[in-house]
Amino acid sequence: MDLQAIDLGVARGGVPVLEGVTFSLGLGRALVLRGPNGAGKTTLLRTMAGLQPPLSGRIEGAEDRIAYAAHADGLKSMLSVTENLSFWADVFAQRDIEPAIKAFDLTGLRTRLAGTLSAGQKRRLGLARLMVTGRPIWVLDEPTVSLDAASVALFADAVRAHLQQGGAALMATHIDLGLNEAEVLDVGKFRAVPRVSAQDEAFL
Amino acid sequence: MSIWEYANPVKFIRTTDRLLPWFSWAALSCLATGLIWGFFFTPDDFRQGSTVKIIYLHVPAALMAINAWLMMLVASLIWIVRRHHVSALAARAAAPVGAVMTVIALATGAIWGQPMWGTWWAWDPRLTSFLILFLFYLGYIALWSAIEDDDTAADLTSILCLVGSVFALLSRYAVLFWNQGLHQEATFSADKEQNIADVFWYPAVISMVGFALLFIALVFLRTQTEIRARRARALMARERTL
Amino acid sequence: MLPDLGKYAGYVLSAYAVSLTLIILLVLFSVMRARRVRRELEDIEARQGRSTKEASDG
Amino acid sequence: MIALLKRDLMLAIRAGGGFGLGLAFFLIVTVLVPFGVGPETALLAKIAPGILWIGALLACLLSLDRILALDWEDGSLDLLATAPLPMEGIVTIKALAHWITTGLPLVFAAPALGVLLSMPVDAYLWVVVSLALGTPALSVIGTFGAALTVGIKRGGLLMSLLVLPLYVPTLIFGAEVARRGAEGLAVQTPLLMLAGISAGVVALLPFASAAVLRINLR
Amino acid sequence: MIALLKRDLMLAIRAGGGFGLGLAFFLIVTVLVPFGVGPETALLAKIAPGILWIGALLACLLSLDRILALDWEDGSLDLLATAPLPMEGIVTIKALAHWITTGLPLVFAAPALGVLLSMPVDAYLWVVVSLALGTPALSVIGTFGAALTVGIKRGGLLMSLLVLPLYVPTLIFGAEVARRGAEGLAVQTPLLMLAGISAGVVALLPFASAAVLRINLR
Amino acid sequence: MDLQAIDLGVARGGVPVLEGVTFSLGLGRALVLRGPNGAGKTTLLRTMAGLQPPLSGRIEGAEDRIAYAAHADGLKSMLSVTENLSFWADVFAQRDIEPAIKAFDLTGLRTRLAGTLSAGQKRRLGLARLMVTGRPIWVLDEPTVSLDAASVALFADAVRAHLQQGGAALMATHIDLGLNEAEVLDVGKFRAVPRVSAQDEAFL
């Protein structure tokens, strides 16, 4: 089933940010969200991931199929790279963390505590987590922050492999990911008309 | 040749490897002699009955508890001033030994207190100071184990040890002011030697020497262990970087 | 075999028991950890083909 | 779920994970009381059960901000929320891990600390029993407080404020059991009440915590 | 320096900044004590000065992790360290801000809480005086503890463990002043000692705190 | 005076990361550090900023002349944009925060609490802080993370203006900043020979 946003409105801090967002993401495809800073990409992705309720409209095909990666990586600095990954694999009832470790070139860092990694290495570990979720739809918020060119390529390969296995990916980013097959959606055009926050409307 | 040579970890391990058996056997024999003599072959005190036999454990443990902290203080100073790794690790190695000595002093004291004072615990200044000393040990050990980086941990704990020592002294005065106590005066001081009968004195001294040797042997062994652990980590790190 | 400890026997014996147990535990833990760490280190050294002695001589 | 429990326990015993710190705090609070109120044995013996209960409560309280705030800060909580675990399960496991690492050790340590306060002999049993029954409630209620304040940076003090009033019934009945036990009176009523509170809280509060947590994650 | 003080005070009074939380915690601890030890007026009156001191100390303790940890987490501490302020100045200002937002309100609140514990009339003056003299020391010592544990995530409990033994002399002399005052005895000696400790600590400890902080920032 | 690194060695977590780093940065010039993830850029910049002592070699011309911007922005989420900026201006004994607000297009966000900004807006505020330090040498760690293209251009303009006023800039980044006049230094070539951490050397 496709992941669909139908006439979706999202708000942050009570202020409507985007309105009328409509798209559909089929399996095997990738969609890149673009838009200037503060456009509402993060807000939209959090809504898609089910972390906040939409203001209006609805989302379909998201139930229990989404693996979300946020600005923060959710790593435990006192656990090693493998321990961090195995934990998430356990949570998602998966077994094998080896492919993830290979795909993001973490082999040499296996026993290192996550807290001692460099910014880019942390990010790689955060992305490797996606591969142990077993979920078909990846929802990624600026996945390549702090990554060097080689790691961005690793990431693009991983996404491509995921798409080939029938997965899908929804990403927000400002830079070029090297994923030419991805469609692009500019969220700028969905900007909500400036008005008071949704919760304040009752008082007008 | 300067004494600082022994601050080299490898040298330290080699030297202590040679010394360790001697200290261990000496500690064992002194402890055995002192305690067996004290337990089996000393008369009961006319006032305290057989409880006086607790003295062979209580006093040495109490002394070592204090001396261990002093040793840690000195080692911390050496680390701060000269940054010899062995001294930092020795301080780290001594802390749990000192903490256990403190617990022994507290436990034997409490057991002694029940028949003598009719209570397991009283807020007597000396007892209280010991409890505070125990808290300092706990904090010191907790801080060591909470910090990942070894040198940072050494730096922080040695400063804690310095500041803590000052506050421990302050606490001692505060506690003395707060409550006047029940506890024995120091009867083992050199100038009052005759205060205590020779029958009790000899085994007590032997036992004290035994505790001191045991402390030294344990600190040697544990420092070696810390050094080896550091070395293992160093080799592993190199293996990874290669 | 035990000397007559009178009415305080329980106290004296428990004092000795507690202290000796604590000391033995402390020694045991120290020795066990020493052994373990030593073995680990020797493993690593064997793997890397160096030993403490060589290192110190070198 | 098991994975989460395992991870939380592992993190607790890792360096800086705070296992045993609750215990140490309990010890220290108990030691401070005589410095504050003076060293008279009779006075101390009288207030001992109450002080032990208050000390245990404070030790729980101080460790609450590790339950959820750490996971919130590094983003794991967002990720856990999107994982196939029910939110109720997450908060229950978190409370359980907190109890194992904090509440349970307190129960075992209480008798030793009773000695320091010259607690009457009859009190020991009841202090231990009341703590064993009461600390699970403290952990679960504490998790609720942690869920309420999870979005607030260093909200430790605010959380204490929210949680302390909720602790009052547990404290009253717990301390009452201990105090009556110390004086040799019948403890049945407060004991039943304490058990009832614990059972009720463990059964029901996780739903509230989960709801609150969902709101905070929005 | 003034800018830093101003910012810290401003942050404290903003929503969620924790101003007044110390006070509220103080209030709640004082209120919990009767629940724990039972409602007898005579008993409460006797322990009142001590409880007030312990309550004040715990309220200070619980707010310590806001002194430096927040700035560490969001990276401001790194930036402050590269700013043209001496590290000793930074820790002193931080301790001062903590005292103004936590210690000082406690001094003013203590009499009101004394009423709750039926404290004897003579004690009020001395409780206030001893708290006024002692709380600066609590803030400065606390800042040292905060600096020691600044790199440790949610190190609140570890910090308590390190700080509480350091609080002992202050607590003993402070509570002694209050207790003697309550009983109408001479308070001069402990009062002098308390003042001496405060002065010494304020003059010297910032150097240790700055050293420790520099090590932690490395 | 130039900012100079002379045969500098830097370590992180006690492990030597870079060795023999030598460069000199004159006023009016910009230097971009490049290198893969984990190469040691962050470590080098922290050392230059005086936050950690060098392992070997020395740094000249850094004393009280450096404004540092790290991965984290050091913003107080409960203070507004202007309050955050004024605070840093006060600390560095400067007055005027208006140019900084203009340069990073924060005018519309003035009264917003920093905590409610989007990732990119936060970053813009973090960079605006540099302009109120009055320090001549900017040391920046991945300054453009999360910034959209327009904001990256704003940043490049700000750096250019700073250089023209006789400032200098030392930056680590993985992406193109649009600063063509900047020299590039690849830190990869200074990689420390793999060996154990400096503090561990005594144990070998």
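Remarks
Chains: A, B, C, D, E and F, in written order; residue numbering restarts at 1 for each.
Keep in mind that, in the parts below, contacts are C-beta pairs under 8 Å (C-beta built on N, C-alpha and C of every residue); 3 or more make two chains touch, one makes a residue touch a chain.
Since the model is a prediction, treat every value here as computed from it, not as a measurement.
Within the contact network of the assembly, the step distance from chain C to chain D comes to 2.
Across the assembly, the chain pair joined by the most C-beta contact pairs is D-E. For the pair chain D and chain F, the distance between C-alpha centroids works out to 45 Å.
Spacing of chain D relative to chain E, judged by their CA centroids, is 24 angstrom. Per-chain Cα centroids separate chain B from chain C by 15 Å. Chain geometry summary: the mean Cα position of chain B and that of chain D are 34 Å apart. Each of residues 10, 132, 135, 138-139, 142, 146-148, 178, 231, 235, 238 in chain B touches at least two other chains.
Contact with two or more other chains is made by residues 15-16, 21, 24, 28, 35, 38, 73, 153 of chain D. Counting only residues that touch two or more partner chains, chain C has 55.
Of all the residues in chain B, the ones that touch chain E in their complex are 132, 135-136, 138-139, 142-143, 146-147, 152, 155-156, 159-160, 162-164, 167-168, 170-171, 173-175, 177-178.
Those residues of chain B that touch chain C in the complex are listed here as 10-11, 13-14, 35, 39-40, 44, 49-51, 53-54, 57-58, 61, 96-97, 100, 103-104, 107-108, 111-112, 114-115, 214, 218, 221-222, 224-225, 228-229, 231-232, 235-236, 238-239.
Of all residues in chain A, only 12-13, 35-39, 42, 71, 116-121, 123-124, 142, 145-151, 174-175 touch chain F in the complex they form. Across the complex, chain F is touched by residues 2-4, 6-7, 10-11, 14-17, 71, 74-76, 78-85, 217-218 of chain E.
Residues of chain A touching chain D in their complex: 49-53, 64, 66-79, 83, 87-88, 90-93, 129, 133.
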